[in-house]
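The same chain A turns up in both complexes below, where it pairs with chain B and then with chain C.
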Partner chain A sequence: MTNFEFSGRQRTLLLSGIVLGLVCMGWTWMNDDPLHSRFWSNFLHNSVFFTGIALMAGFFLSASITAWAGWYVTFKRVWESFGLFLIVGLGLMTVIALGNVFHWHHLYHWTDTSILDASVPEKFDSILAGKAGFLNYKWYLGGTVIFVGLWYFIMTRLRALSIKEDEGNDKDFSSHRKMRVWAAAFLPIAGFTSAAMVWQWIMSVDSHWYSTLFAWYTGASWFVSMIALTIMTIMYLKGRGYFQNVTNEHIHDLGKLLFAFSIFWTYLWFSQYMLIWYANVGEETIYFKERWDNYPVLFLGNLAVNFVLPFLVLMRNDTKRKWGSLGFVAAVVFVGHWLDFFLMLKPGILHTAHEAGGGHVGGFAAPGFLEFGTMIGFLCLFLFFAYTMMSRTRLEPSHDPYLEESLHHHV
Partner chain B sequence: MADYKDIVYGLYDDEEDLLKAVKIAGDKHIDIMDVYTPFPVHGLDPLLGLSESRLHIAGFIYGMLGTLTAFLGMTWIFTKDWPIIFGGKPHWAVPSFIPITFELTVLFASIGMVVTFYLVNGLGPGVVNPTIDLRITDDKFCIAFDTAETDKSSAESFLRSTGASEIHAKTI
Partner chain C sequence: MSSYTSPIREPLVTGHKTYHQITEDLVSPTEKAPNAAWITGFLISVSLLGFGLFCITWTIWHGIGTWNLNRTIGWGWDITNFVWWIGIGHAGTLISAILLLFRQKWRTGVNRAAEAMTIFAVLCAALFPGIHVGRAWVVFYFFPYPNTRGPIWPNFNSPLLWDLFAISTYFTVSLLFWYTGLVPDFATVRDRAKGFRRKIYNFLSFGWTGSAKHWQRWESISLVLAGIATPLVLSVHTIVSFDFATSVIPGWHTTIFPPYFVAGAIFSGFAMVLTLMIITRKILNLQDYITLAHIESMNKVILTTGTIVGVAYLTELFIAWYSGYVYEQFAFFNRALGPYWWSYFGMMFCNVLSPQIFWWKKYRRNIALTFFISIVINIGMWFERFVIIATTLARDYVPSSWSYYSPTWVEIGIFLGTIGLFFTLYLLFTRVAPVVAIAEVKSILKSSGDQYTGPNAIHHGSHDDHSDAHHGHAHDSSTHADDHSHSDSKGSTYMQVVKDDLKKIEGIGPKIAATLNAAGINSFEDLSNSDTNTLQSILDNAEGNFGGNSPESWVVQAKLAFEGKWDELKDLQDRLDGGKY
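For the complex of A and B:
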């Protein structure tokens, strides 16, 4: 089967997942504090998570093209489709950005501009005044629209050239050469701009706090989630009879990436933690004290699920090739990194909400049913979009110059 | 001195020819002494019936030994043997132990695996390497038969029929 057929049953299933998410969001909205902190924090949490997965799919596709890698080519449409989700991510993040402008929500302490007035000393916040050049709604809105729009634009170029190759007229590889230029350009663009957007979207919920490797840490979390979702998607599609050319050799390599980047994530987690713990500067340790005191289960469970489990299970050669063990780890790690983002965002948002007189509702101490329901809604939206994109063209490329290498891939 | 072996070996120009020949030898139950290639040929190990190396299991055990040595060692030193306060931290300051624990894990695993590998393979200073043909480190792929196990003429005819470009006999 060369084309993926997005069946009516799959559509119904995913659409009902989206409806479930919408019901959960509506339910959250109606039982929320006056600021709707729970609704907006769930919205931000999932938008950031899935936009980041889309970005990382495009980023890794570009890295693979730039590195002249060939092994992934037979399933590259999965990453192309994931990457195109950036257009939905752009919409979702723009809603948050417009919310800053029109004060629909109060997720970020810095959106309260009254603290920037030095003539009112009892309200004046000198730290946020110092950051106001970057932490303001213009930067947030402009960065979101321009940078995510740019990422999406480059993804559409990569996708269009990839489809053009399938026509088979690309005797001098001109499409592939153009693709290589776009991919190489995307790497530094995504590298620098994603860091700026991570500071805006995620780190600035703890608006007084900062960590210089936070963007790397978040990026690693996104990356592991993206690989986990890729593994699960390929396993699902193989189970439906597609992707006959994707063998256990490809699955094995994806398993290696899941293993390696889980360790990379842990390395960044620990680097951030140990430096702050060792220096013991109050402005910095507050981030971890907050999480250690109020979120001990999530804080330590984060390490258990996202490091100990993949490290011990995927260390062996054969567990990366067996669908049971690899699929299980991918599913657990995917949820684990979603919880990681929960832990990055919720404590800071709760603090901001408390100061503004809200936040006395559930969904902050630990994810409840509404949080998981919202996540399922966003996941189904992501998959619905990705499957739609996959069904629009050949599922497996036919004339990529590296296709033969991919078909004969051997670990 | 070690026992001498009379061997017959053939040189192939391409790894695909080598893989085909090894497969035919396996089907016909011809006993190959060893195969020599200038680089790791994908798919050769299962054709030769070689089981997966157990070196990594040894590596895991050495690594765990390193982990325990570092962690328990530092625990004993900083809580019992010579407790000193560093930077206002508690004596048993686990985060500061992690980098050294990691390093000793890597050190024990790597050195342990190198030593095990050398011991198992009888390698070490002063070992003479009986190179069958100098070009097996360059561009030739070699299948060798021990004439004590495989009849010389049948080995030669096998090599000829599977497309070996050169066939030689040698005592090593």
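For the complex of A and C:
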């Protein structure tokens, strides 16, 4: 089967997932505090998580093209489709950005500009005043629209050229060479701008706190989630009879990436934690103290699920080739990194909400049913979009110069 | 490894090499007397090393006071040099371990020299903490040993001690990795040697016989060592970065240091690999093994890591402002605009701006420019460490402690001495071991040799002879002439050696075979490189009546024969009628 047919049953299933998400969000909204902290924090959490997965799919596709990799080509449409989700991510993050302008939510302490007035010393926050040049709604909105828009634009170029290759008129590889240019350009653009957006979207919920490593740490978390979702998607599609040419060799390599980047994520986690713990500077340790004191299960569970489990299970060769073990780890790690983002965002948002007189609702100490329901809604939206994109063209490319290498891939 | 190579890939071994020629080209430098360039280089290196040893003796004899360290600047050129050398040592393990796991075939051209470089660079680095302790005779204070100062090892919670463990582990694994790769190559050298030299190489190769069992074990241990070495690539410079980042010194205490130091180390390591390989390939005539494709790939790594380092520099700068922490802000203000502003701008220019030229393919494949940029990066990465160390320490919290630092002749002399040590060891290495891994290059020949892939592969029948086939691959004007004469001479030797039975081609009988031989077509490969029109004109001009014979299928048949696809050839011949379609 060269083309993916997005069946009515799959649509119904994913649409019901989206409806479930909407019901959960509506339920959350109605039982929320006056600031709707729980609703908006869930909205931000999932928007950031899935937008980042789309970014990482585009980023890794670009890195693979730039590095002349050949092995992934037979399933590259999965990453193309994931990457195109950036347009939805752009919409979601723009809602948050407009929320800053019109004060629909109070996720970020810095959106309260009354604390920037030095003539009111009892309210004045000198640290946030120092950051106001960056932490303001203009930067947030402009960065979101321009940078995410740019990422999406490059993804559409890569996608168009990839589809053009399928026509088979590309004897001198000119489409592929053009893809190399876009892909190479995407790497530094994503490298520089994603850091800025991570600071805005995520790090600034703890608006006083800072860490230079934070952007790379977040990026690694997104990356592992993206690989986990890729593994699950390919397994599902193979189960439906698609991707006959994606063999256990490809699955094995994806398993290696999941293993390696889980360790890389842990490396960054440890580097950030250890340096802050060792130096013991109050402005920095407050971040971990808050999480250690109030979220001990999530804090340690984060490491157990995202490091210990993939490390121990995927260390062997055969567990990376067996669907049971690899699929299980991919599913757990995917949820694990979603919890990692929960832990990055919720404590800071809760603190801000408390300051503003809200936050006396569930869903902050630990994710409840409404949080998981919302996540399922966003996941179904992501998959619905990705499957739609997959169904629009050949599922397996036909004339990529590396296609034969990918078909003969052997670990 | 995939059994298929995409036609879009460039060949990595040029000159239509046979396995024998690879052995010949790579072993011969160890068998000949050194040339004048080698002797000159060796004398200069040994002299520098001698001066360095003198300065080290001077330091130990007179004490650390012969350096210009002062009350706030406790680390100067010594630790700058230490970090610089350790960083350089990273590329070897990256190339041999991580690129092995990533199945990057181009690593085979440079991994041996890069691993050697790693070991020599780590030796140079290890020297500095050794002499920096001042009283070298109590250096055992580093080590955990029973003592009267308490139950806990006195320095165990210091990253400086972790450094000792990290670097010695790294050195051990790198050495094992390097030596494991050398074992089959030493056996190759042995097989060609006589007398005492044979005995030595036999000892060095552990009596390697080349049996399937040996190869199987060798491949297993290479993979295991790659697995062990991969985390070490990250761990060593991570712990070096801890030396700084665990402190509370503004400018040092920042969480991005570990990955940023690792990226910088790979960056500087690749710059040094390029510096060495560009000289080595020229002097030892290795242009067919370290091709422009290799240099281009390394330049891409340079561009990538240089830009990652750029992201880190700007992140540090931005977060210093963002933090709202005045001392952090001042540290960066001072770096950029303080008394050492020139080293900060040198660092930015050399490490972030200069590699950006490699966005253009034309420049990535320009050897002279690549060499120049590699030197610029070597300097820039030294500046980076100097900026981090001296600039930061020169401006303490208390302005009354502010000071300035410049090195004494002793400190400069020790640095020059390590450069001498590095090049002395490297030059000796080129004399005793093959600088390109013979066994590993042979392993990629069938997939990446230019007779099998790329524009000069033999299925492109448009080339008349071998020498013509080499015109395409060298774009660089400075070495074009060298590449040429080199390849041509190899090509002609090759043609004399190989002679196949052309009668196996359907349609060629003994007379036509003799005619073709007279026209210089001796092997299946020669025939497959010919085109039908040329063959027809050879037949037309020859004595005898070959009018009934058409060469239209010969090129295709010869290609199958050359590639050993006898079954396919037989199928084809079954379908042919007297060599005609």
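Things worth noting here:
In this text, the second predicted complex is superposed on the first by the 411 of 411 C-alpha atoms of A that agree within 3 Å, B and C clash if a C-alpha of one lies under 4 Å from a C-alpha of the other, contacts with A are read in each partner's own complex, and residues count from 1 in each chain.
To be clear about the criterion, contacts are C-beta pairs under 8 Å (C-beta built on N, C-alpha and C of every residue); 3 or more make two chains touch, one makes a residue touch a chain.
Everything numeric here is computed off the predicted structure, so don't read it as measured data.
After overlaying the two complexes on the shared chain, residue contacts for A:His410 are found with chain B and with chain C alike. Number of chain A residues touched is higher for C, counting chain B against chain C. In the superposition on chain A, A:Leu213 makes contact with chain C only, while chain B stays out of contact range.
Of the two partner chains placed by the overlay, only chain C lies in contact with A:Phe134; chain B stays clear of it. In the superposition on chain A, A:Phe153 contacts neither chain B nor chain C.
Contact with chain B, but none with chain C, is seen for A:Asn317 once the two complexes are overlaid on the shared chain. When both complexes are overlaid on chain A, the residue A:Phe369 reaches neither chain B nor chain C. Look at A:Phe192: by the touch rule set out above, it reaches chain C but stays clear of chain B.
In the superposition on chain A, A:Leu268 makes contact with chain C only, while chain B stays out of contact range. Put simply, chain A uses residues 274, 278, 410 to touch chain B in one complex and chain C in the other. Here chain C touches chain A in the complex through residues 1-9, 101, 231, 234, 238, 242, 245-248, 253-259, 300, 304, 307-308, 311-312, 314-316, 319, 321-325, 359, going by the rule given at the top. The touching residues of chain B, counted against chain A in their complex, run 42-43, 52, 56, 60, 87-89, 95-96, 98-99. Listing the residues of chain A that touch chain C in their complex gives 66, 68, 70-71, 126-127, 130-131, 134, 173, 176, 184, 187-188, 191-192, 195, 199, 208, 210-216, 256, 263, 267-268, 271-272, 274-276, 278-279, 281, 283, 401-402, 404-410. By the touch criterion given at the top, residues 270, 273-274, 277-278, 280, 315, 317, 410 of chain A touch chain B in their complex.
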